[in-house]
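Labels run A, B, C and D following the written order; every chain starts at residue 1.
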Amino acid sequence: VRKFPAVLLASALLAGGHASWAESLAIFGATIIDGTGAAPLKDGVLVIEDGRIIAVGKRGIRVPANHRRLEAAGKYVIPGLMDANVHLFLDFFPLTLARFEDRVDEIVIEASQIALKNGLTTVFDSWGPRADLVKARDAIRAGTSVGSRIYLAGNIIGFGGPYTASFFPSASEALFEGFVDRINARWQENVGPELLWMPPDEVRRQLGKYLETGVDFLKYGATGHGGLEHYIAFSPRVQRIFVEEAHAAGITAQSHTSSVEGLDLAVEAGVDILQHCDETGNDHPIPAETIGKIVERRIPCSLLANTDKALAWFAEQAENSPAYKRFITRDINDRALIAAGAEILLSTDAGLFGADTVGSAFWASIVPPEDNLLLLGEGHFTWLRAVEEKGMQPMDILMAATRNIARAYGVDRDLGTLEVGKFADLLILDANPLVSADNYRTISLVMKEGQIVERDALPTQRLLSQDPSR
Amino acid sequence: VRKFPAVLLASALLAGGHASWAESLAIFGATIIDGTGAAPLKDGVLVIEDGRIIAVGKRGIRVPANHRRLEAAGKYVIPGLMDANVHLFLDFFPLTLARFEDRVDEIVIEASQIALKNGLTTVFDSWGPRADLVKARDAIRAGTSVGSRIYLAGNIIGFGGPYTASFFPSASEALFEGFVDRINARWQENVGPELLWMPPDEVRRQLGKYLETGVDFLKYGATGHGGLEHYIAFSPRVQRIFVEEAHAAGITAQSHTSSVEGLDLAVEAGVDILQHCDETGNDHPIPAETIGKIVERRIPCSLLANTDKALAWFAEQAENSPAYKRFITRDINDRALIAAGAEILLSTDAGLFGADTVGSAFWASIVPPEDNLLLLGEGHFTWLRAVEEKGMQPMDILMAATRNIARAYGVDRDLGTLEVGKFADLLILDANPLVSADNYRTISLVMKEGQIVERDALPTQRLLSQDPSR
Amino acid sequence: VRKFPAVLLASALLAGGHASWAESLAIFGATIIDGTGAAPLKDGVLVIEDGRIIAVGKRGIRVPANHRRLEAAGKYVIPGLMDANVHLFLDFFPLTLARFEDRVDEIVIEASQIALKNGLTTVFDSWGPRADLVKARDAIRAGTSVGSRIYLAGNIIGFGGPYTASFFPSASEALFEGFVDRINARWQENVGPELLWMPPDEVRRQLGKYLETGVDFLKYGATGHGGLEHYIAFSPRVQRIFVEEAHAAGITAQSHTSSVEGLDLAVEAGVDILQHCDETGNDHPIPAETIGKIVERRIPCSLLANTDKALAWFAEQAENSPAYKRFITRDINDRALIAAGAEILLSTDAGLFGADTVGSAFWASIVPPEDNLLLLGEGHFTWLRAVEEKGMQPMDILMAATRNIARAYGVDRDLGTLEVGKFADLLILDANPLVSADNYRTISLVMKEGQIVERDALPTQRLLSQDPSR
Amino acid sequence: VRKFPAVLLASALLAGGHASWAESLAIFGATIIDGTGAAPLKDGVLVIEDGRIIAVGKRGIRVPANHRRLEAAGKYVIPGLMDANVHLFLDFFPLTLARFEDRVDEIVIEASQIALKNGLTTVFDSWGPRADLVKARDAIRAGTSVGSRIYLAGNIIGFGGPYTASFFPSASEALFEGFVDRINARWQENVGPELLWMPPDEVRRQLGKYLETGVDFLKYGATGHGGLEHYIAFSPRVQRIFVEEAHAAGITAQSHTSSVEGLDLAVEAGVDILQHCDETGNDHPIPAETIGKIVERRIPCSLLANTDKALAWFAEQAENSPAYKRFITRDINDRALIAAGAEILLSTDAGLFGADTVGSAFWASIVPPEDNLLLLGEGHFTWLRAVEEKGMQPMDILMAATRNIARAYGVDRDLGTLEVGKFADLLILDANPLVSADNYRTISLVMKEGQIVERDALPTQRLLSQDPSR
């Protein structure tokens, strides 16, 4: 019996980060943690054909003869990880967008490869430039590019583009208006802040058009952004339109909220996912009543969970600048939601950033040193440790990063667990993730739809990313 | 039979702008338009005692012998005018507040005198520094100062003070923070923007405290201000708290709204008055459905009605700056509400402004030349002409400026019409206001609670006002 | 023999801070340090008549019989102190000017009283609103107001007013332009920044007009201000015009400089005083060659000398903000000039500031805690200690604060020393100022032109000043 | 006899914009205007070998047999045009520099090709990023790139980089400091604004280092920039250092001035060229005395001459914004200098700009429509018409664009006239430039060092330039 990965690399991988075809193979001997919440299966066998799992069981189950055998004794097989909230293109600062205005889709691919390399076989991009994301998603789907599987929402409905009051308005003064308008339009399309002025019928009309542009799910800004986190953006009846229209289009709807009342309104609107429901400002944690509704109605809740280390840094900054207090409140919310048994989703807000951005004083002012939820490829590991620190159970943590997300987004027919019939999206880890969340970092192999990912070859092109370790 | 006003001035008036006591007198011969909507009573008699109307009828009704007779043949008697929305202290710009930081209550008195002089016997101050307003209101109520009767709300619940993002944030950079904080606190007290972050229970607690400070009615910001007019400030359930708590405290509740959805939410919250319900932004007039609810539920609606002349100027400005388009939309709303038979209230947003303010480029950029709703003492005349231009019926116009307001604010037991038992708040006009709204300007006499106002003596002190004609 | 000051207060002082007439009196028994550099005269007698010194000598000299005797054994008599560089109205921030726009002359009086109370019998105001300063100066000169004797320059030629780029431009955005223009014009008059554009003839013409407005000396900005300290404002030939025209008008000319080249140009232009010649920016001390010229040509040099305590604070701030490094360079310059034997003048830049200003974060960012050259009434004491720390000799220190200034400004016929024929401007100190510069604080009596100043009554009105100890 | 250019194109030109070798050829039959001021030579012959002119005379002079003949009867041969003041890389706005940070030298080449294509065989780049300019200059000099011959100065000594107060400070707020610092350093190197703080010795030291970096001439900012045009940057003695050190290094020195006093100081400093000596601000033209010195000392003066059309537009703008008045004053200066017989140089300040820049509101605010000195490839034609409008004589105009510039920059041994021994830099025009300055546009052929330029192939790459007509 040969050991991998040496042989694997020699036999099965092609240039470009991916095996060129989905092998028929079987993984032998590993402990299989299938993501359903069932007890780990020791010395298991997992059989893969045409990209899907065709059998899983104790050693001894029938494996077709033509299947290559992958010996993985002592290792752990888990479903491919997911991130319920990334922004593959997030470095929207003027330097980066001026440089790469015409190559944003390539940066999306680059980002998705860094995600994949680090075990995220599927990511949900909940804010970004729609057309570029669609182009990258489709290239990956078609197999012409390697990368994490992308589901995308495009704009957060009601938000302005990068160079508006919603995000980084000071850019507008230094850049020419032609560029500023182009960039903002690329995000906003027809679902920007002007929707806040509209009566329900007109919102429905604009939304209808947007839903035809290839988005995979809908996200709306129930509250404001860029200093307006305490304002509500849409009336309850308009929020219900978002949910209705998404469902009518066969996709899920989620909210962006940033205050206790904003959260409660989104709950009442019937969203499928409460994105970062732990974000309620500096001073007021989620009231018990709202937590009760979330738990009772089983509305999946993504958390932006910070580690204790990061929280200590935020607390230190908060002494001079109250803005950092919201992270403290976030922690209170995270612990309360976990304790109450809410359906938790892994969510990082992570993206890729260029060297000028990461080296700036601006960055240093918002990102805790040595701890970074925001960095794609790193953020999800940070998150897994953070929720462990907050008392979440190991098996719940695994499901928060796999099955829960697949269910919440309605893609659990194919994704989220290691059950027969599902895509063979999986990781082989050297150490048991149920013993310590840090063990998610011990990735030995990433497989997506039955193909083994050539991790060392990713990203295939570095336009933005600098860190060779990711 | 003596003619007035010459004799009146000689016999009945004292220094200080007011007759010192309420005479027993009778007005003979005028056409009485009593504000109830009843047909004008020609050659009428109106008998006043102890500040109230004790009889009204055709010449021939009994008049006690000791009543002084006021011959007013050829003239018109109408109820004292009201403005449902003024800001007696509105020149909150740094120059004025730095100069008069300790004399704001005196400016409130000055403003109320200019209002009174111009026929406004009662004004409703819907945003201002509460403590100063209370001081002025109480001095007038106690008779130690002359002035229009003041009802006040203090802060618009949820709004920041003058030097915050809600209004004039650039002031903060030029002024020292001690001053900025003092001024903002004077408006906000405990009901500023921090309420937007709070869960319902906490809002209720803060509101309870505020309602004990002597406010006469409650106004909340259902939508944002200072560029945030399209954002919603409070969730429906919090808006209902405002209404409930106001009613529990025995006062009325009104909304400030600035978008179609904001307006609809306020309607649903059950407010007693929709302040400037015609303000819905640049592009979207009020949908028919919302107008329908307003009319059906008979919710009083104040309009900020611009004249055709002002609208022409706004249209001209709008060619370069879309911000002016909201005035066009306002006109559309005004006409629609009038046509639908909504209960209309006169509302100007007017205040008093110093010479530096009125002479500034800033002023010139927001105020149409030769037409000014914003100038206290002038704005209500402008309004009366504006709604006439929009097709409102003469009798309806009169009631919009009198009875409707009294009813809407729940003070119609004493105010709003010339009916027996009510306060003798009235104007004698030289020309018939039902023939032309401009005739409201032909004021010959102002009476408040039976006292004849010495108009030439007002204001008794000019701290801010410069225009000798007002 | 009566002790003072108790009896003095009872007999000789009137309300308003000043004895109403100049007594004929003689001071007995004190050590007289006359400011000429001569050795102190122990047990001396100083005889005063009609406001001037008529005799000074050892006990035993003839004293007219009708002279009241002032016993001062154990005390020290020195000439009244002078400050070569104050700004009696310096709190030009919007709050203060908005409040006191019409009372600036009163604040000038208030400031001059605080100066006088603290031993400054003469001050040279080298930048301020000319007309207000003239009004105050003339009132004091005429005896209708009490205060330090004022000599004034008005604007620093070439500088913009308070709300221009030269000083505090951000004020302009928050204030209305009418006010901003009025205030700026009040300082600039016809000698503002537009002079930098002019050819020599035109400069001469404008200057000629300005010199007729009652200024006592001329100060021009050889270099820029407000971030332009390294720019030169006037060509050498224009600088020479300033000196020539000042001399032709019978007054002295001084330069404001802030860089090494600016200083050298002013030296070459032939100015009478180099105001704060120690100000040369962050990194480059005055070259030896320039110091050589200053010493050789005996050009009086005013220093803005900081104490070691203040310097330590500046050094600490400089770690984050290089702007503070100029204070370190100033110290190097101060020590070099003192060591080279330059003619030094006491100079503080001090003024009066209101509570909002002193309590602001802005203030805290520019003024070292517990050490303040900028505070009128305190700054000169700080200065005296600072130059002592820098190694200046006690007698030189005294002359820097008295005789040198009088000479430099050409007023030494009347002022600066305790010599026969001069004005009786003097202080009586409890402790010897030659032993420690801190002893200048032990003021027991202030006399100006033979009149004893009722220090406790000053200032007679507090518009700005808050500190009861000054 | 064959007609050109059809044959020429077929036989003599290679791809890449340039004939690959300098032909031996003779131009027959044209009117030769040699740039010396001599009368035009009709039906002349000009013989070229190894890139230089070996003979010029009437038809009939000896022409070596192997020389290809170029028939040009009816046409006009003039020296290649020069521009004494361009900025090949001038679009330093954030969008462009972010995009092309690593390709600035390529844009310099692109710009030099547009210059060459439009008849400028030599350009003097008087402000730009030195290292990039050196790279481009050397590539053209070595023949590896085609382009106008470049002489360069790098930074204007004393000026800050593009994103400093000298130019476009607001960029700094929107861009990360790493980028801002890199860009500024690229221009400033060691001769930025810190020189204004330095004593003469230190300036000399820094300058010495800079002069070793390959600059072809030196330009110093005698006055400030970016709103500081009325301030003087360097003392007379430091200005003399610039001239001395440049001369010691064997290169010329020129001044940038923007005020009457700044200009006079530069005259006195002994500069070789007064760059845009017509720029003296809004209100004060150059005094007669200074013009006298310029003429008497024969100091070459470059003008930024606007056409009447542009001036009319500036005058219109000036009604609202005084900033435009400087163009009016410039015209007064231009006319006075021309009338006085000053040595005039063509100067445009022109550069290349990308589509976002040219399409911006910023551009529209500074550039007159349909008339543009600032656009490389167009600006020099504009200039030639402008000085004609101002009354300059046709032959003087030609020399201002050729011989005068060569002399002023000390390169007249090789350049500037069509005399034997000089480089064969020449243009063949279809129409007589002495009849109308617009005839300079009728370029039929451009030759540089004996090589015929393939104009249609230029620029060989369009990174910034969009206009196909240039």
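The rule we apply is simple: a residue touches a chain if its C-beta (ideal position, glycine included) is under 8 Å from a C-beta of that chain, and two chains touch if they have at least 3 such contacts.
This one's a predicted model, so the numbers in the text were calculated from it and none came from an experiment.
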item	value
Length of the shortest touching-chain route, chain B through to chain D	2
Any chain in contact with chain A as well as chain C	B, D
From chain A, the most remote chain by mean C-alpha position	C
Euclidean distance of C-alpha centroids - chain B vs chain C, Å	56
Distance between the centres, which are taken as Cα means, of chain B and chain A, whole angstrom	54
Contacting residues of chain B [partner chain C, same complex]	93-95, 98-99, 101, 168, 170-179, 355-357, 359-362
Chain D-facing residues of chain C, complex	165, 193-194, 196-202, 224, 227-228, 230-238, 259-262, 264-265, 280-284, 287, 290
